[in-house]
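Letters are used for the chains, namely A, B and C, taken in the order the chains are written, and counting of residues starts over at 1 for each.
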Amino acid sequence: MLRPIYYVAKATFHEAWRRRFLNGILVFAILMIGSSRVLMYMQPGAELRMLVDIGLGSIRFFGLLIAVFMGARLISDEIEKRTIHTILAKPVSRGQFLIGKFIGGVTTVWSNIAIMGVAFYGLVRLTAPRVAAAAEGESWVYSLDLMYGRVLGSIGLIFLELFVVTALAVTFSTIFSWILATISTFFIYFVGQMSEFIHQLADPERGATPVAAIVLGTIYRILPHFEIFDMREAILDPARPLPWEHPAKVVIQTCTYVVVVILIGYLFFNEREV
Amino acid sequence: MCFRIRRCCAIATAIRTENLAKLYGTDSEGRPVGLVGLTLEVAEGQIFGLLGPNGSGKTTTLKLLLGLIFPTSGSGEIFDLKLGSPEYKRRVGFLPEGPYFYDHLNAVELLRFYATLFGMSGPDLEKHIQELLELVGMWDRRAIRVRDYSRGMLQRVGVAQALLNDPDLVFMDEPTAGLDPSAQIEMRNVILRLRDEGKTVFLCSHLLKDMEPICDTVAILSRGTVRRLAPMSELLSGDSPRYVLTVAGQSEQVQSRLASLATEVRPREGNLEAVYEDQGAALNAANQIGAAGAKILHVGPERRTLEEVFVEVVGGE
Amino acid sequence: MSKSSFARYGGWLMVLILLVLLQPLSDSVNYERLIYGLVRPMPATRLVEKDFTVVPGVIAGAILGGFREIAAAMIWMKSTELWNKGHGTELKYLSMVRTTTLLDPHWLEPWRIAGWHLAYNMYVEADKIPDPELRAKRKAQYMQMGVDCLKEGISWNPDHYDLYFELGWTYFDKVRNYDEASKWLSHTLQFEHPEYIERIIAHAYERKPEMQKALDWYDYCIKRNPADGTAYGATLTIHERYLTAWRLMEEGKYDEAIEEANCYLAVAPNNILPLHLKAHIYEQAGELEKAYKWWSVAGKTALNAHARERAARLARQLGKEVPPEPADIMRQEQMAVPERKF
């Protein structure tokens, strides 16, 4: 039952790591993270902010590229290149194949983020004490330990966020060609960034008509909510309480949503002719 | 149909389909495209050939049997299991048409990957992989990546992967396409050996010359419909067995003498063939012509080639 | 179809059930985000409230999605580069800084710089305008824009002291509206803040003038930090020069109070403190004509919004023609044609 999933995932992971395109993104990301150190010296007084914002932003950005461009090809490429024929002729169910592909994709994305994260964390540990000693207390950096924690926490949130993105990409790739799957994933990603805005538009107290309230409200309920991965305010501010239950809830919400997305992908894939 | 009546009670059935259809709409003349309604039953232990011109629905049939696509109507079973269920795939091997594999792997890695899907592993597997690659003549080229393969190499590795699980039933789509002559012979031997081991082989092809010597039973498919379904011997000997006399050379003199006695005289491969209604007439003619000094090559019942039967069945379509 | 419809519809039913089950969790997470202050109001939030000045920010936010911060950082760097190359007074620089505030409204530095840039640099830059009336108008405009910008920044970041201080300081130092200055500076006290703010509050009271309150704040500073030389010196000065006049005024001995104030006015005729004190004493004494005259004098010594406002108030009381002041000119125009800020 689980063996085929494991081996499909393993093959997917190995194949992804041999893709020059993805390796290129990773190398470029590491260069970019490294350059955040150079860039930050152009900003006296805001060095650490620059370092952290550019570094984390790069990890998220390049992680997103990897997740979308790899995820959107996972199933559609197998179908277009017809490699799926010999695999589905083996005792592998479509569900096992899909889950294996997804797990292989997610582990690829996660391992890429982990590499970028380790590189960046190392850079922060090296650079921050010196900068903090030189600049007297920028208002937002209250303590270095807090900032290290913030960096790790933010990387954790990137893991979660790209978990959802990969699930979306895989599901779209069971339905569409890889180009369309890529576009759709990016589209949902950016709309999902604004889900809170859609929520407000659907609020009758803010002047939404009943029809708009129902339509937009439903869209909001179905859309992924990428805002929940934004805890920057709390991570920045030691005065704000953030009990561990909150991130725990976010993890549960994310995992459930991923299950929903992959289930939808399975329902489409089960009907898909290859 | 006659085929089913004859064999079903004695031997187990590997494949059974009932009005299996996959319709892709209609062509410009309003005729249905795809597979229109396939009813067949393939007994275990034989080589079954599904023959038909391009676009007649052979690949479609295979994909339906393997659950890669879903029928518009009708049903089918393999080893008494519903089409598409992963269970029977344990006992099945598949060589697709112009096979495609993960092209970043080499032959050994590829077979190892497929083997894991069957849950196979360990040192025995490595030996098994070596045997298979030796069988298809790829062992000494095992380090080359699939991406750099020629058409024939793909086909060879395709066969190796289809035989990985020692299947009871092997599906092969155009197995001889893209192979050089000696490889075609090797392929033929592989297929015959499978039958000797008691396996069932389901072949799809339009290369009739390759199929003729190996198939036990043949179905001729045309535009999605089975036109003939019969054992190969029955198909080739025809309904009313006539006799043929083959004489060397094509001299005018011999030809005219043959014509006087035979139903029909035709040139063939530099020789002459005369067709007679029965055995006696043929032997009689042979004696006369032999006495006259002509060189008799062959006397025997008329055997048509598969090609002839095929053209007759498919006709001008 | 070969797939059983139960598997298919069962699957979709499952999707629906999971989505429904997810909603309470999602709502609770959203609620917690609100109470833990994790919600960052995107510019889009203000669009719902029909504030259309944020349209460019919404578009940028939509395109950049979660990458607003990195974009903000990049634009910010670019703007610094412009500044260093001496293009700081070009509109381009300002719009870059403002774009940064739109993209990352919780980054305080760009707000601070934008406000300072408008109220100080652009204000000085307006000196190049030859037409005096237009010049005065522009100067008042830039000052007002700086103040508005800081107020907008506060609306995004109401729980950090930085922008309250920045606004209070701009009122104190540039606009010289000491009522507003003391008000905004006092807001900073609810947060962790640097020590010098209480001193500036005391300075503001001193200039209003409200000598008793000024002394109280200096006193607080000295008690907090006995080594606070500035507060100590200021206390001495008040005691030495102005307290006698202030006490006499409080006792109703206005003539003596004026004489006392005149002593120090003679020493420093342009000093804002004795000028304000004298005008204030006249006002308390009910000699509105004289108060008006002295507030006007004080108003002219520097751009002193506080003195001018009090002079204008008296002028209205006395039925005089209110002298137009630059800020007034601008306000009237704004009412006629609502001017759009970038």
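Everything below uses one rule, namely that contacts are C-beta pairs under 8 Å (C-beta built on N, C-alpha and C of every residue); 3 or more make two chains touch, one makes a residue touch a chain.
Computed from a predicted model, the values in this text were never measured in an experiment.
K.L.:
Sort the other chains by how far their Cα centres are from that of subunit C and give me the top one.
P.N.:
Using the mean of the C-alpha atoms as each chain's centre, the farthest one from subunit C is B.
K.L.:
Which chain has the mean of its C-alpha atoms lying nearest to the mean of all protein C-alpha atoms shown?
P.N.:
So the chain nearest the centre of the shown protein is A.
K.L.:
Please work out the Cα centroid separation of subunit B and subunit C, and write it as a whole number of Å.
P.N.:
89
K.L.:
Could you please state the distance in Å, as a whole number, between where the Cα atoms of subunit A are centred and where those of subunit B are centred?
P.N.:
One centre to the other, that is 51 Å.
K.L.:
Please work out the Cα centroid separation of subunit A and subunit C, and write it as a whole number of Å.
P.N.:
For subunit A versus subunit C, the centre distance works out to 40 Å.
K.L.:
Residues of subunit C that touch two or more other chains: which are they?
P.N.:
In subunit C, the residues touching two or more other chains are 3.
K.L.:
Name the residues of subunit A that each touch 2 or more other chains.
P.N.:
271
K.L.:
At least two other chains touched by the same residue of subunit B: list those residues.
P.N.:
In subunit B, the residues touching two or more other chains are 67, 70.
K.L.:
Where on subunit C is subunit A touching in the complex?
P.N.:
Its residues touching subunit A are 3, 7-8, 11-12, 14-15, 18-19, 21-23, 25-26, 28-30, 32-33, 36-40, 42, 44-45, 47-49, 61-63, 65-67, 69-70, 72-74, 76-77, 80-81, 106-109, 160, 162.
K.L.:
Of all residues in subunit A, which touch subunit B in the complex?
P.N.:
3-4, 7-8, 11, 15, 18, 81-93, 271, 273-274
K.L.:
Note which residues of subunit A are touching subunit C in the complex, please.
P.N.:
Going through subunit A, the ones touching subunit C are 39, 42-43, 45-46, 49-50, 53-54, 57-58, 60-61, 139-140, 161, 189-190, 193-194, 196-197, 200-201, 203, 206, 221-222, 225-234, 237, 240-242, 246, 249-250, 252-253, 256-257, 259-260, 263-264, 266-267, 270-271.
K.L.:
In the complex formed with subunit A, which residues of subunit B make contact?
P.N.:
63, 66-70, 86-87, 89-90, 92-94, 96, 99-102, 104, 113-114, 116-119, 158, 161, 165, 171
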